[in-house]
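In the two complexes that follow, subunit A is the common piece, with subunit B as its partner first and subunit C second.
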Partner chain A sequence: MPVRVETYDRTEDAARALSSSRSARFLGGGTLVMRAVNAGDQSFDTIVRLRDPSFSTIRSEGDGYTVGAGVTMAAVAQSRDLAFLAPVARVVGGPAIRNMATVGGNLFATGNYGDFTVALLALGATVNLAGSSGRGIPIDDFLRDRERHATSLVLSVTVPRPREAGAFRFLKVSRVKPKGVSVMSIATYLPQSGGRVQGARVAYGSMAPHPVRATGVERALDGQALDAAAIDRAAAAATQGLNPPTDAIASGWYRTEVAGVHLKRLLAGERR
Partner chain B sequence: MTIEFRKEYFADERDDNLNEIGKPTQRQDALGHVTGRSPFFDDHLFDGLLHIRCVRSPHHHARIRRIDTSEAERMPGVVRIITGRDVPQNLNTLLSLLDFGIDDEPLLSEKKVSYKGEPVAAVVAESERAARDAVAKVRVDWEELPAVFDVEEAVKPGAPVVNDIYPGNLFIYHGKYDHQKLRFGDVEAGFRQADQVIEGRYQMSPIEQAPTETCGAIAAPETNDRYVVYTSTQALFFSLDTTSKLLKTPSNRLHFIGGTVGGGFGGKVDSLHEPLAVLGTMLTGRPCKYIFDREEEMQVGAPRGAERWYIRDGVMNDGRIVARKFIGYFDSGAYTRLSSYAIIKGVGHLPGPYTIPNVYADVYCVFTNRTPATAMRGFGITGVDFAIEAHMDKVAHAVNMDPIELRILNAYRDGDMKAHRRLAKNTALIECCQVAAEKAQWPISQKARQASSLREGGGERAKIPNFTAIDQNGLVTGFTAGNYARKAKRSEPAAPQSLPTQTPRHDSVPVAPRYEQPVRPQHQPAASAPPPPAPPAQTASDARRTRFSSISGLRRR
Partner chain C sequence: MAKKPIQFHLNGSEKAIFVEEGQNLLDVIRRGVGDLTPKYGCGQGTCGTCTVLIDGKPHLSCLTLAETIEGRQVSTTGGLQRGAELHPLQKAFMEGFAAQCGYCTPGMLMAAKALLDKNPNPSRDEVVEAISGNICRCTGYEPIINAILEAAKAGGARRYG
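== the complex of A and B ==
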């Protein structure tokens, strides 16, 4: 079968087309889907597109932002509202990729890709699917069942605004700079009250089949002042409960060895 | 960075009138590349272009019981499915064009496959996707066979036969031996004379050339019953002749157009794509494109082959190497391609850039169930050079000597006889070591600093040894040497061929050198045995004569 492209103006139509066929893929910016087409991926034969302008807008809502799934990395990097996410968007691919790659697509990126999603996970974003009534799905749950959501259309992601500047930090570790593939990525959201971390969220990319929370690190930091002793304890717990994968970029052993080092540098605010 | 020339070493070798060396020169294709205008083969567009994709073996070694293409033929967009039966001459070896080796590789295999990814059928379809979908519908009934991946395992008795043409899993050299021999002097006597014998084993891995543009070709019908072919080949006439042979088509009906190669490095000489693209065009009457995708380029595209070397050196305590013995195994993969030639080239290079009075080499071109190996940048030399230089360091350590000094002591000098019986000239290894040591601020002795490749070579060192130990190990029958390594048409199994009379191939008495004596006055190197006779006086005009070298054409001595 040749690959067929279906373009819709209405969200409901695109969502229906996507959910009614198991051999359909949604095309955001195409940085993943078109690569698969070019490599002869036979697992899909239909490409679904959506032309709704609201799909690629950024709106300020309450104590956060709703970012359309079609918003590109370049648009995030330029957005005044999303300035806290700009450093994350800027390390995704090169300029050509950032001009096309979308927030929605990043949620589905596998392997060593999907660094933006790591940041969303640390920030505790929610994912809004077409046709779902009411509130969105917490990103933790979405990632856990990511395969099941492949036939759903992601409309937007709601990102809470960090309570204080500096509470959110991000680091992408790659061998080739600036646009190499991740050895790992780390996002930390460590809001403090009374000099102590309250509600730590720490997420990794490339350390599991999808972005994951580093629960050991979170436990080591919660309720603690972010001092050298706490950072050491966090680094010691860096890969607790994780079994990092071995792939062309790095071995699982290497990832286990370096995770604590990079985490420590990020928490201590050291320049790399 | 400034380039520093040491032209003084070759001042009397050539006039210093070169116009390009040492001056910045823009590559002739650079402008086209940076402006995106260089035409690659895939930039040629044809109406109604068809796409070819191969059905490939998922096994390393398997017999093909049956290929069922019926379902694939009914798939939408499929125009034709090609199998081995459609190939007019479905057996070839690349170097048959030079009359070297026996045809051993089908374009599309019919009976068995000997490496993972070996093609057994090709789908010609309206789109690449349609071709892929149809490939997935071709049913092949495989009977998996035991496979062998290690060169030494492959030559043991009872090992799986990889390539039926060479039942011993070894390429046959000169119709006579299952390996390439090099005999110079008597290594065993050398080992007896030596203070120490130092051994080493060195293993290289295959290396993929990994061009940015994967290998491919487009063929299209042309007027007057001709076919035009745009190809990424590195060897246009090689590809043309191979196509002509496989398709039994006169070469004047093939119009090959090469040009910009999007990265080759040796990996684009195997001519796998042109014959199939032209065959597709012949069978469908439409333009056909056959190109590797990236995965095929990595898995099926032929790499530089792996090599294994055993080196045994007889060394005197003062560092002189008096005997060097090589046993080498080239992993040719499932078919010959160019490995047989790489070995000839490599053996001519032994024992490396050193003058050693006794040299021995047995080098085997071994068939295994791995991807066939082919050319890549200096193949035949780079692997064994790695082994030799690693071994030199090992020797230096064993005799407690500086590794650079060891190299200078043993380096060949102008006028020395090499093991393949050619006189060395323009050697300059000593000078190279001296400059490297100087630049690295590596201290070497006064004696090593004063050594020169221009002095103390030749003389006794220019002689072929009085005695060379020869043997008939690895002699084979059933192959004739008259027509280079061609397998005998029909050898009667009832009356096995008697062993040919042993005729020593290397003379055991001194031979008058076929090459002129080196021109420079020679002196006896301090290290070697009795003083040589004084060299004949040479005149300046002698020194300026030109001579013919089969390797580099006319050279002035």
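== the complex of A and C ==
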């Protein structure tokens, strides 16, 4: 097999190995990197591994949580602190995938994968890279420039705690139940003040090459009471500025047609 | 390519073996150790037929870098039966016609074992969730779900550890 594996115990060493080679990939849970190895991907020849237990810890910090990049979806689903993210982690893959797939890896998932990152985008998380002196990158900026960050080592993600229960909602739309790949995923964070939405963040997965904000929807909801009229206006703006991709799961046309329907159901709190 | 020595436990017995760099666990179990029970299906994490338990939890062996299992406990379908006696799940699968072509069966059995070890009396929904990462193209799933519920009802699945 044409790959070399480099294993490190210190994050600095792993980060250096990753940044010094354009043909190195970092191994998280293996669901992306080993998949590429099995498919004969020739774009990398080195796998970098890190054996640092702190890479897989969840810490409460200030008004949020810092989740190690090596934390698995199963660990998120079981975490008492991250209970608001459990419904998201539970719809990623099947049980075996959830025991392997990591928060850090999810940030780099392409195509119809990466639903967890959609939730992180709606919640306004920051991504902490090795060697960046403690200042995280807003996840919006990280995703916009994701390819460039592939040579950086993601250490953790800092997720703000939702200000009120129920302000954060998530929906994964798939054709196969209970486990299926995403037609789209939608995450909304709509904190309210005085009965009106203030600082709406709405994010989609599978509606662009990487998770994106639905700025039209956010504009339609900001400053409004979350009533039927506002929800209708939000649904009408569901795909504003977006050009959803066509792939094996759904066509761009279909995604455009149904995005407003699913968004409306999520906002209205309808269970499906 | 350098080979690396690793030690791990397969179905309770210790294995010491050289693995190639980048080799996945499934390949090591099949070609290296000679346990042919876990199957190679998609190699992409979609089908679940390579499912094995690592420290009691289901993992996809085709997506597990072999050298990461140093010192850990790996279980496959090959370790389910005791002598001539089949595991209660195997019996239920046989009696309930839960295997047709049989290619998904090793993964289904390990996913089901992980469930019953943790939750000896699962609901139907919990069974469906437990095998949601395993694809079967023959049975339509109903006989598999029923067999797992039967095995749970018959009890004794835990005795097999």
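As a working rule, the second predicted complex is superposed on the first by the 270 of 272 C-alpha atoms of A that agree within 3 Å, B and C clash if a C-alpha of one lies under 4 Å from a C-alpha of the other, contacts with A are read in each partner's own complex, and residues count from 1 in each chain.
Here, a contact is a pair of C-beta atoms (placed from the backbone, for glycine too) under 8 Å apart; a residue touches a chain by one contact, two chains touch by 3 or more.
Remember, it's a predicted structure, so these values are computed and weren't measured experimentally.
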Exercise for the section: For A:3, decide between first (touching subunit B), second (touching subunit C), both and neither. Expected result: both
Exercise for the section: Give one of first, second, both or neither to describe whether A:42 is in contact with subunit B, with subunit C, with both, or with none. Expected result: first
Problem - Contacts of A:144 with subunit B and subunit C, given as first, second, both or neither - result: neither
Exercise for the section: Go through the superposed model and pick first if A:34 touches only subunit B, second if only subunit C, both, or neither. Expected result: second
Practice task
May I ask you to decide whether A:161 touches subunit B, subunit C, both, or neither, giving the answer as first, second, both or neither?
Solution key: neither
Practice task
Figure out whether A:233 sits in contact with subunit B (first) or subunit C (second), or with both, or with neither.
Solution key: neither
Exercise for the section: With the two complexes superposed on chain A, say which partner A:265 touches: subunit B (first), subunit C (second), both, or neither. Expected result: neither
Problem - Partner chain(s) touched by A:219 [first = subunit B, second = subunit C, both, neither] - result: neither
Practice task
Tell me which of subunit B and subunit C touches more residues of subunit A.
Solution key: C
Exercise for the section: State whether A:16 touches subunit B only (first), subunit C only (second), both chains, or neither. Expected result: neither
Practice task
Pick out the shared contact residues on subunit A: the ones touching subunit B in one complex and subunit C in the other.
Solution key: 1-3, 39
Practice task
In the complex, go through subunit A and note every residue touching subunit B.
Solution key: 1-3, 39-40, 42
Exercise for the section: Give every residue of subunit A touching subunit C within the complex, in rising order. Expected result: 1-5, 7, 27, 29-31, 34-35, 37-39, 47, 49, 74, 93-97, 99-100, 178-179
Completion exercise
Seen from subunit B, its contact residues with subunit A in the complex are 76-77, 127-130, 132-133, 136, 293-295
Fill in the blank from the handout: So, in the complex, the side of subunit C touching subunit A is made of residues 1, 4, 20-24, 43-45, 48, 51, 54, 57-60, 62-65, 67-68, 111, 114, 128-134
